[in-house]
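Letters A, B, C, D and E mark the chains as written, and numbering starts fresh at 1 in each.
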Amino acid sequence: GSDSEDTGTDAGSDAGKIGVILPDTKSSVRWENADRPALEDAFDAAGVDYDIQNAEGDADRMAQIADSMIADGVTVLAIVNLDSESGAALQEKAASQGVATIDYDRLTLGGAADYYVSFDNNRVGALQGEGLAECLGEEEANLIYLNGSPTDNNATLFSAGAHSVLDEVSSYTTVGEQAVPDWDPDQAVTIFEQLYTKVDGDVDGVYAANDGLAGAVISILEKNGRAGQVPVTGQDATVEGLQNILAGTQCMTIYKSAKEEAGALADVAIALATGEEAETNGTTEDSEGGRDVPSILLDPQPITADSVKSVIDDGGASASDVCTGSFAKFCDKAGIS
Amino acid sequence: MTSTKPELADSDFAIDTRTSTVPEYLRAYLGRVRGGDMGALPAVLGLVVLGIVFSVTTERFFSLLNISNLIVQAGPICLLAMGLVPVLLLGEIDLSAGVAGGTSAGFTALAIVDHGQHWTVAVAVGLLVGALIGLAVGALVAILGIPSFVVSLAFFLGLQGVLLWLIGEGGSIRVADEVLRGLTINNVGVTAGWVVAVLVAAVFAGGTLWQHRQRVAKGLQHPPFPVVVVRVVAISLVILAVPFLLNQNRGRPTFPIQGIPWVLPVVVVLLLVWTFVLTRTTFGRYLYAVGGNAEAARRAGVNVVRIKVSAFVFCSMMAAASGIVQASYTGKVSASSGGGNVLLYAVGAAVIGGVSLFGGRGRAVHAVIGGLTIATIANGLPLLVNESYANYLVTGGVLLVAASVDALSRRRRSTAGV
Amino acid sequence: MTSTKPELADSDFAIDTRTSTVPEYLRAYLGRVRGGDMGALPAVLGLVVLGIVFSVTTERFFSLLNISNLIVQAGPICLLAMGLVPVLLLGEIDLSAGVAGGTSAGFTALAIVDHGQHWTVAVAVGLLVGALIGLAVGALVAILGIPSFVVSLAFFLGLQGVLLWLIGEGGSIRVADEVLRGLTINNVGVTAGWVVAVLVAAVFAGGTLWQHRQRVAKGLQHPPFPVVVVRVVAISLVILAVPFLLNQNRGRPTFPIQGIPWVLPVVVVLLLVWTFVLTRTTFGRYLYAVGGNAEAARRAGVNVVRIKVSAFVFCSMMAAASGIVQASYTGKVSASSGGGNVLLYAVGAAVIGGVSLFGGRGRAVHAVIGGLTIATIANGLPLLVNESYANYLVTGGVLLVAASVDALSRRRRSTAGV
Amino acid sequence: MTEPLLALRGVNKSFGHVHVLHDVDFDVHPGQVTALVGDNGAGKSTLVKVIAGIYGRDSGQYLFEGRPVDVHGPRDVADLGVEVVYQDLALCDNLDIVQNMFLGRETRRWGMLDEVDMETRARETLASLSVRTVKSVRQSVNSLSGGQRQTVAIAKAVLWNSRIVLLDEPTAALGVAQTRQVLDLVRRLADRGLGVVLISHNMTDVFEVADRITALYLGRVAADVPATDVNHAQVVELITAGRSGALGLAENAL
Amino acid sequence: MTEPLLALRGVNKSFGHVHVLHDVDFDVHPGQVTALVGDNGAGKSTLVKVIAGIYGRDSGQYLFEGRPVDVHGPRDVADLGVEVVYQDLALCDNLDIVQNMFLGRETRRWGMLDEVDMETRARETLASLSVRTVKSVRQSVNSLSGGQRQTVAIAKAVLWNSRIVLLDEPTAALGVAQTRQVLDLVRRLADRGLGVVLISHNMTDVFEVADRITALYLGRVAADVPATDVNHAQVVELITAGRSGALGLAENAL
């Protein structure tokens, strides 16, 4: 096919089209609610033609979308892989058709991506662990881990990161650990309630892999009159998570600025599309592929009650969403408006 | 034609109208059981076996706290499975019921959060949304004649879109209402629990005895009186055991929890309503008739289209109720609410309980028993295993065992060899 | 009893054996169509409508590159749906087929990666695993008599555990074999493509004409010769169009891509095999018989248990093939392969194509047409909409439209009012 | 002769390309038993189903008491007071005898099904039809013998105060005593002023109860005559050949 | 008398708590037509299904040519050379006439179904049974009339070289000519040395073709006599009352 029929905006018409494939809608609300608008803004600002799709958690679908995009004249393809192998296969195929690829947020081990734009997932887990340790202090504590989907590679990394921190603290004991299929918050409630029952409520801290799961944990703690007494971690700085932090029922979350990440991606993609070298701030080792991938690595930020405001100020969430109903008074207290 | 009242010869329906003695009755009952006609017995058996296995393998299973957990956790699936009963009775399926529940709950939650409505209004909105979804599915199935599997698959997908759009920016919607949230968190007051239980037991006993007298008076088929009495006493005891157990404190000393979880009366009331509808109304009768032989029902003047549409409407309304209870338990409605395997589990529950997927056979109580079975698996497993893979394996295995108990005991001797 | 050869009176089967004229034949055909007996026609119609909609709304849809994408993407679902046909013909369902495919593909991939086996051995291992899974499901259904919905739901869960255990949490296994990977990436050589297509067309034409002559010779019911010729020519042209189109370069000038994707012959061969099995063997005949009336089949001496078990075995083996093709396309097997809604889509495909969920009605080609329909939706939509919620909504909507076309055109006039 | 209660005029019916009924005229007179006879596959059951509203007509008129009526389904026909016993019985196998007999006409009390009333009436009606060996009226019909099922179907139709009763081979599976009861019943119904249509292959039965005989031959009406005008042999000829002497279809119509 | 080809001794059969067959002895003799008569619900069809292997026995012996045989299903019985026409026909509605007739016994050529052979043979057999108005042997059986369906079921059973044929009310839905053909066929089969069992409620037919008459009354054998030893009225009495004069069940057994 030729690119001439593309109805892109003037500036980018010979830059080709940029395709982005997001992973799903269920594991986290960030992809559709934060990343998509941020990417759209960034591409619009740069005046390039783009197409953003979501694979709905299905690697097969991701491969299909990639094919469609390539058939549609996409010359640079960015993906958030659902796991390394499927990502690698997809990139290999794209490369064989002359399409450049970028890893967005998740590194594809053994892949062929030209660039990697992200936060570090292992680091995210470690930050969660540190956050929880801070809320718990030095005393003896029984911990329960509520991990993300067993089929999501990221979830494995998050959990490993958290363990790498928390397992070092000798006063902590892990009394329960379970993965939640599909990151499903509904199933998470039952799973947590049973882990809680199993130890007869003898729990002092909970590692929940993201805000959705944290919400499920808090629901059960509330039922047992312990919300706010047992610290819970989270991730993604979603509205729900921020509200729970403000209300004191959640200990912390991780903020991964979509604006920064999307902006970085746009820069790299446009550079690739126009055949230029992109600006990076380092490389990431791909242990499996045995190569160093040129990277832009951003800092994940742990968020606690004190720093909720910074997320809102940064545009990661809107005050009007967070400060609804009964949460207004907490916002006032935290100086958010 | 009924103007002449012929004497009934002894060979006609003699056995039918005579009071049988207790041994006779028991022998006949055993015969029926051996003949494969056992009602909910095998499903209950499966549940009991499961309960025993879990109590033996994990000490926590039979704690009061866990039993009340179980009751709350079983609520949504029991409601959903009960809602599926009318649809399954027709020999149809509704794959969209789970997400219909999620979507309806989404509307309920939004009515409270964004529009500050009272919870009653919000629940009404949710039920209405459910009804509309059911109307659409039912109309496409009954009027256009598209197979329900495909229609409801399409709605299963489409409604996930609606839910995503509904939830929008926030990513999830909280159930910001004390009453709704209390449905799964709070308990009926201790005294109120006793009063209600005693009342229910009394109504049940009275109703059963009155019905028995009616049948005896009119010379209709009836079980012997002692059997009726034993049954009334046994069931009343079960009813009274509920407040007896759940009114004890099951929380920690610092945070006492006692009383019957609100979910229980909700499920019980809906179970009674559905049992009534299925056994005592023409609508219920027609569900069975259409499921058994749609053409015969049509010839008998049954409005098959109307029955089908109504079944889907009621199914989605029950799904809405189930979605609201689930949201109350989770504390929020999220993009995945009602999605995933929720529906498959609910259908599995109904089938394990004794509802036929081929239509025409099943009762509301089957859905509840099956729902309890599935919920018991989900409840007991995390007490037992940790590894994800083992979890999947054991869930599958236990499900199979529960279903085998049912299948083996239900197997008809009559068609087997000598 | 057939020793006496009575003269056939004119009123007996006269119409049956006479060669009808072309207009007579067409009138009879139209009559059949109006009577609701249309084979795959409505499903094809639905597919055509869909194709038109997409070509109008998105310019890329009808590009050569996209058409060949579509062929590859449709491969796995066509195979899976075809595998479900025997099970659906029995009126049963196999919810576990999707994950059975994933699990089998997992074994295949492991055989290559961990044990360095040749791809043929690895594929054989995968198919064997599929067969064993099918054997287990089928035996539980046919021998113990547990409803297939429950058995296969249990396996749906259990096999996900097996797959997780096989490859570890969050992990996945690469399809590290050129040939297997090439199944979905590489194409048949240009000349080879032509040769095969011409051969297939010739065999088809020869077979059809030979069969026609047979029937005429034996005085059996047969269509008029001109109709046969037209049909042969039309289908041969369609067959030859495939290499004609796909042998053109559809890549970018710098990366030429041409030839028929390897998946296509795989699907076509399996389609032919299944069509043969269903129409020309006793096994196929018995599938229909058991699905139509299991008791009648049993009385006729059909070994119902064996038929059921075999159907599940073949279903899972086809699922294994589907899983392997899918793994080839995605490049790996992961813990979620074959999970999610894969199975629902495949069943939906079969039903849209014209296979009945109630058993006894359907053909292999229906599964392929239905699979193409579903794959077309998945292929065309990303060209059309972006947001996730819109994607869900439109997918549901389009599925409904495809199914409605089918349902509306299939509707029998006969039972309608005047 | 009285005006027919129900009349079809020029009715045609095809299934796909199979033309089953050709320009059929058919009358049901009050107080008379009309026997509808014809060979296997002549179209008798199809005609009954057209009258019952199960099948639509392709063309032709449907008159009730001389007025054309719109018939869109079995419900409309039942509302006219027409009851039908179908050859293929059409019972719901999963329901019991009482439930089948009252299907679509359940009696209710305070909005609830009045099982007591229905059970009592079902028992009486069945007893009047010489049903024996049925252990219980609460038995599901799939456990009934062929004859028992047929009796239930007949009982279902005669339970109501209808104006026309159509019986499609009602005695095919019945024993000697039961057949006797049904024939008596047929006569009694006609004597009470109902229009009765009886389909049967048993000529003895036909001549015993019929007032008129309508013979179908390959979907065409071969004759419609008073029973007293024809004899056994003539009717058999009409059935198997479409004509008998002066009676029957013209030579060129065959 | 010849040794019976097939014999049941002391067979009992219950469905749940319904005891349907009581200590039944039953013989099928080669070259004879045995008529099995009884009231509706007497247990005739149940007995046939026990013989056919559809139902297991609760107790009692199953003898073939004097030797006890193990019967585990219809297949075993078919292997003994027993063919059955069931009262409830048991056809696959989604299959066509030919497919139904050859179900379970398809002829094959090179491993493939030999449609040509099957179609030809089906056509011949049906023609010999006076089937008319069936447009095509490739019509699916759900579009057939009641009589046409019954003919297909009969044709299916007589297509094979069997030793015993059991016919459960085979002429119930048949027209005059077709009934004639079937009765002739029954006689011909017996004359060829087969054991034939005919169930019928039509006494005229029974007396026309039967050599022996076995009467069932409420699940018990009331009499098993040569047809020439009894008359019409006696048989009806046996059927409806279980005894007739010296014949039948002892008073206290009733």
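In this text, contacts are C-beta pairs under 8 Å (C-beta built on N, C-alpha and C of every residue); 3 or more make two chains touch, one makes a residue touch a chain.
No experiment lies behind these values; they were computed from the predicted model shown.
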Lowest number of touching-chain links that must be crossed from chain D to chain E: 1
Chain at maximum distance from chain E, centres defined as averaged CA atoms: A
Furthest chain, CA centroid comparison against chain D: A
Separation of chain A from chain C, taking each centre as the mean of its C-alpha atoms, in whole Å: 39
Distance from chain D to chain A - Cα centre to Cα centre, in angstrom: 73
Chain B and chain E: spacing of chain centres that average the CA atoms, whole Å: 46
Chain D: positions in contact with at least two other chains: 15, 18, 54, 73, 131-135, 218
Multi-partner residues of chain B (each touching 2 or more other chains): 11, 164, 388-389, 391
Contacts with 2+ other chains: residues of chain A: 25, 32, 150, 179
Chain-to-chain touches, reported pairwise for every pair that qualifies: A-B, A-C, B-C, B-D, B-E, C-D, C-E, D-E
Residues on chain D engaged by chain B in the complex (per definition of touch): 52, 54, 73-75, 78, 84, 86, 90-95, 99, 103-106, 108, 111-113, 116, 119-121, 123-128, 131-138, 158-160
Chain A partner contacts - residues on chain C that touch it in the complex: 59-60, 63, 65-66, 69, 72-73, 76, 164, 169-175, 181, 185, 251-252, 254-255, 257, 326, 329-337, 339-340, 342, 378-379, 382-383, 386-389, 391
Chain D residues touching chain E - in the complex, by the definition given at the top: 15, 18, 38-42, 44-46, 87-88, 131-135, 143-148, 151, 169, 172-179, 201-203, 218, 236, 239-240
Chain C partner contacts - residues on chain D that touch it in the complex: 14-18, 54-58, 71-73, 218
Chain A - residues contacting chain C, complex: 1, 5, 25, 32, 36, 51-54, 56-65, 67-73, 82-86, 88-90, 92-93, 96-98, 110, 150-157, 179
